[in-house]
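For reference, chains read A, B and C in written order, and residue numbers begin at 1 within each chain.
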Amino acid sequence: MGDFKEKTKDEVIVSLLNVEKWYGNNNVVKNMSMKIKSGEFLTLLGPSGCGKTTTLRMISGFEEPSSGVIKIENESVELKEPYERDVNTVFQNYALFPNMTVYDNIAYGLKIKKVPKAEIHERVEEMLDLVQLKGFEKRRIDQMSGGQKQRVAIARALINQPKVLLLDEPLGALDLKLRKQMQLELKRLQKALNITFVYVTHDQEEALTMSDRIAVMNGGIIEQLDTPKNIYEKPSTKFVATFIGESNIFEASVISVDSEKASLGMECGSASILPEEVAFGDHIYVSVRPEDMRFDKEPVEGFNIKAKVKEFIYIGNITKMIATMSNGDEIKFTRLHTGKLPQVGDVINVYWSLKDGIPIPMETNAEFEKLKELSIS
Amino acid sequence: MKIIANKEYLKIKRRSKLSEIFMCMPLSVWVVCLILLPLCYLLFMSFMTKGPMGTIKYVFSVDSYVRMLEPEYFSVFKKSLYIAFISTVVNIVLGYPMAYFIASKVKMSSTLMLMLMLPFWTCALVTIYSFVIMFSNAGLINNFLMALGIIDKPIDMLYNNFSVSVGMVYELLPFAVMPMYSSIEKMDKNFIEASKDLGAGPIKTFFKITLPLTKPGIYAAIILTFIPCIGYYMITDMLGGGTTLLIGNVIYNQFTAARDWPFGAALSCILSAAIILMMFIYTKLGGDLDNLGA
Amino acid sequence: MSRKAKRRLTEGLFNLYGFLVYGFLYIPVIVMVVFSFNDSTNNQIWNGFTTEWYGTLMSDSELWRILLTTVVIAIISTVIAVVLGTIGAVGMSRTDFKGKKLISTLLYIPIIIPEIVLAVATLLVIRKAGLGLGMLAMCMGNVTLILPYVYITVKSRLTGMDQSIEEASLDLGANRSYTFLHVILPNILPGVVSGAFMAFTLAFGDLVIVSFMANATTVTLPMDVYSMLKRGIRPEINALSTVILVAFLVGITASKLISSHIDKMNRRKGLEENERKEGEEDEGYEGRVIILE
């Protein structure tokens, strides 16, 4: 497959501009704009019903956007049939043709293009080699295991050398161990072939391990589009902070800002974060990961949050602690220092290092911000 | 602050799925021209008047409907319903255990179903004539019984309600078994095991689980036997010997010997209306029309 | 009584019951077959063995012509119904248009209303349209009668089919007609075949519709048999029915054997090809029986 073009990383291959999708009165994709770069592994991540699969199906051509523009390599494709687009899909349930053998399934796309038989044979063998299924050519689909079917589906889509490969929860039906193995294999394939992958999943761990960038979707909008590291460490909305991993979310007002820290007033006390990104008087959320939560017997400077230890939960490699604040809200701690664990019922002083408190604007309007960016650029 | 984004709201033209509409066209045209139109015309015809010598006068009248109230036709209705009812009950009672029997022979069930249908497919009319051979006064059964000395003069078995009902049951049994068989076969056998696991005996399990779960098949079987019973004029003709007249025969006569098309049309309309009402109840009871076809 | 004995008893009773019902169904068939060898034109009393009627049958050109007419009408009707019903069922499942619900409901009418009502209604319209009676009208009436069966079996096969394989085909660059021929059709084929089989048997055996649509010169076998019934059936008819019965039996058995053989071959081939491969279990292997659903 050596003839894939070397693509520069920043070239945009797929772009969505103000795309909307309505089913009757149901607005499943709301004014979405997004640019997918050539050669990247982009994941659409979100709970079921967030519009991620619909977005994917609009790119592949199975759904038409109600309004907006979708461009593949700078060419509008909204009115093109799926078979006129240079993208291929790996379906959730594989969608292999049950009336054909493994070989015929993989060769399908080339047969339609009327590629000479000898070349088809050569390229199918190459693909089989790539997905490690050599020798399975003549098997019928119902004689393959789930993982093997998945590989056939990938080979069948990749043989057409698509500009973009769309994957709709391709690993959803596999068991955990096989899924982990296939995740690594998909990543390896993507790097080796340098094809753009657009991957849909609801599994945040899968998204974090595989992606170059993740678009976190909720209710038909993209909440945040960023690298896995930034998504985890700098969630830009409350939804992202809680959907990706666990977070303790505090509602706070900025009561003073100096060069070192911003002081926050909260319902159940006070706390501090770094002064960048906030201004005096802002009303914000503060997100703190459970592993970044600290506590002490004595009050810590800049913090005044008291909580009562409620229970400990043992989860193998870590122990989780849950404490209740004065307003009744629960907060979670992990990465506890053994040896000085408090007792259930003890009152502790809660704090965190300033850099670990992530401010999130309260009236977030992530998609609005994105639009602003786009219209400027 | 309100930023107006790129207002590039392109109205997307709905992609015409011409090819798919095109695929529906021939079927739709056929249905409209040869199902809808004929039925409408039948209704129209039922309100026309019979002219002399089998002609039709295109004058509106309800005479044909009024005529149905005559006692002669009332007794035809009564008899049709009676025979259809008896045949249906016998078919269900005979057919359900049969369906169960076939479904229980998992490996052979498709062969057994084929055997069930085979006489109907190949020689339905001729086998009905076999009943004439068997039932007539000098026929096989009477000869046999007399030879054994059980009876000394032949029993009248032919040309009465009995022979007509036997013919109906014979002809329609496969159609009663088919839907019941498929619903028994489709039933999740885990329910039966769960019921037994929970302490119910086989009889209780049958009445509480199997029977209710296979109800759709029974409803479909009722419909597939009851409706043809009303309309089959051949069986009454052959085994009823002209003494037993059913609605089907009366309609047949109007279009052949009597040449009273409006009256035949009116009878057909009433019959259809009653059946459509039945189907309405059937679907309201949760019946699936598809069960009737496969 | 022990549990085992009890079970055996119920099973025995069930078998006996099945045997009796099949007996009820097949006694008239046996009578028919036996009387085809009866040495008497009077079809009611056994008079001794003869194969004479099979001889007369062979030379009865009139009867063969009637049989040919019946088969031709049944085949033409089946082909039209299968084409209309299959393409229509696929189209209807893929699109939405005004009146679709009406069309699909109307399609059930020929199944639920008595055949005689359908026959007279069709007759009225064909007369009104000025079309002559005869072959064409007989085929039209038959198609209307059998169309729903094809439509329903194909439709149920389509519902069971994974919709995404169709999308996969479009996605891989096949247009809609290529997809229909290479992906949809092979997958619904068992439904099409069983629908066609059902349609053919119904059209072949139909009496009511064809006798209303027929003209004086076009006679089908059921019509011929029916016209004889009053005077008693000629023994050749018994012979012919026996021949048809045997032909059906042979045809069905052959197609079953062939399909199970193909299946076995496929399976063995697949396994042999791959037996050196790491042991993968066959998942969800199911035999394909295409005759009946």
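The rule we apply is simple: contacts are C-beta pairs under 8 Å (C-beta built on N, C-alpha and C of every residue); 3 or more make two chains touch, one makes a residue touch a chain.
The structure displayed is predicted, hence computed values, not measured ones.
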{"item": "Innermost chain, taking as reference the mean of every protein Cα atom displayed", "value": "C"}
{"item": "Most widely separated chain from chain C, with each centre as the mean of CA atoms", "value": "A"}
{"item": "Pair joined by more contacting C-beta pairs (B-C or A-C)", "value": "B-C"}
{"item": "Rounded Å distance, chain A centre to chain B centre (Cα mean)", "value": "57"}
{"item": "Distance from the mean Cα position of chain C to that of chain B, given in whole angstrom", "value": "17"}
{"item": "Where chain A and chain C are represented by their mean Cα positions, the distance between them in whole Å", "value": "54"}
{"item": "Chain C: positions in contact with at least two other chains", "value": "none"}
{"item": "Junction residues of chain A, two or more chains touched", "value": "81"}
{"item": "Where chain B touches two or more other chains at once, by residue number", "value": "none"}
{"item": "Contacting residues of chain C [partner chain B, same complex]", "value": "14-15, 17-18, 21-22, 24-29, 31-32, 35, 43-45, 83-85, 87-92, 94-95, 97, 99-100, 103, 106-118, 120-125, 128, 140, 143-144, 147-149, 151-153, 155-156, 176-177, 201, 204-205, 207-208, 212, 222, 225-226, 229, 233, 237-238, 241, 244-245, 248-249, 252, 256, 289, 291-293"}
{"item": "Chain A to chain C touching residues, read off their complex", "value": "60-62, 81-83, 87-89, 91-93, 95-99, 108-109, 112-113, 135-140, 142-146, 148, 156-157, 160"}
{"item": "Residue ranges of chain C touching chain A (in the complex, touch as defined)", "value": "162, 164-165, 167-175, 178, 183, 186-187, 266, 269-271, 273-274, 276-277, 280-286"}
{"item": "List of chain B residues in touch with chain C within their complex", "value": "17, 19-28, 30-39, 41-42, 45, 94, 97-98, 100-102, 104, 110-134, 136, 138-140, 170, 173, 223, 227-228, 230-234, 237-238, 248, 251-252, 255, 261, 264-265, 268, 271-272, 275-276, 279, 289-290, 292-294"}
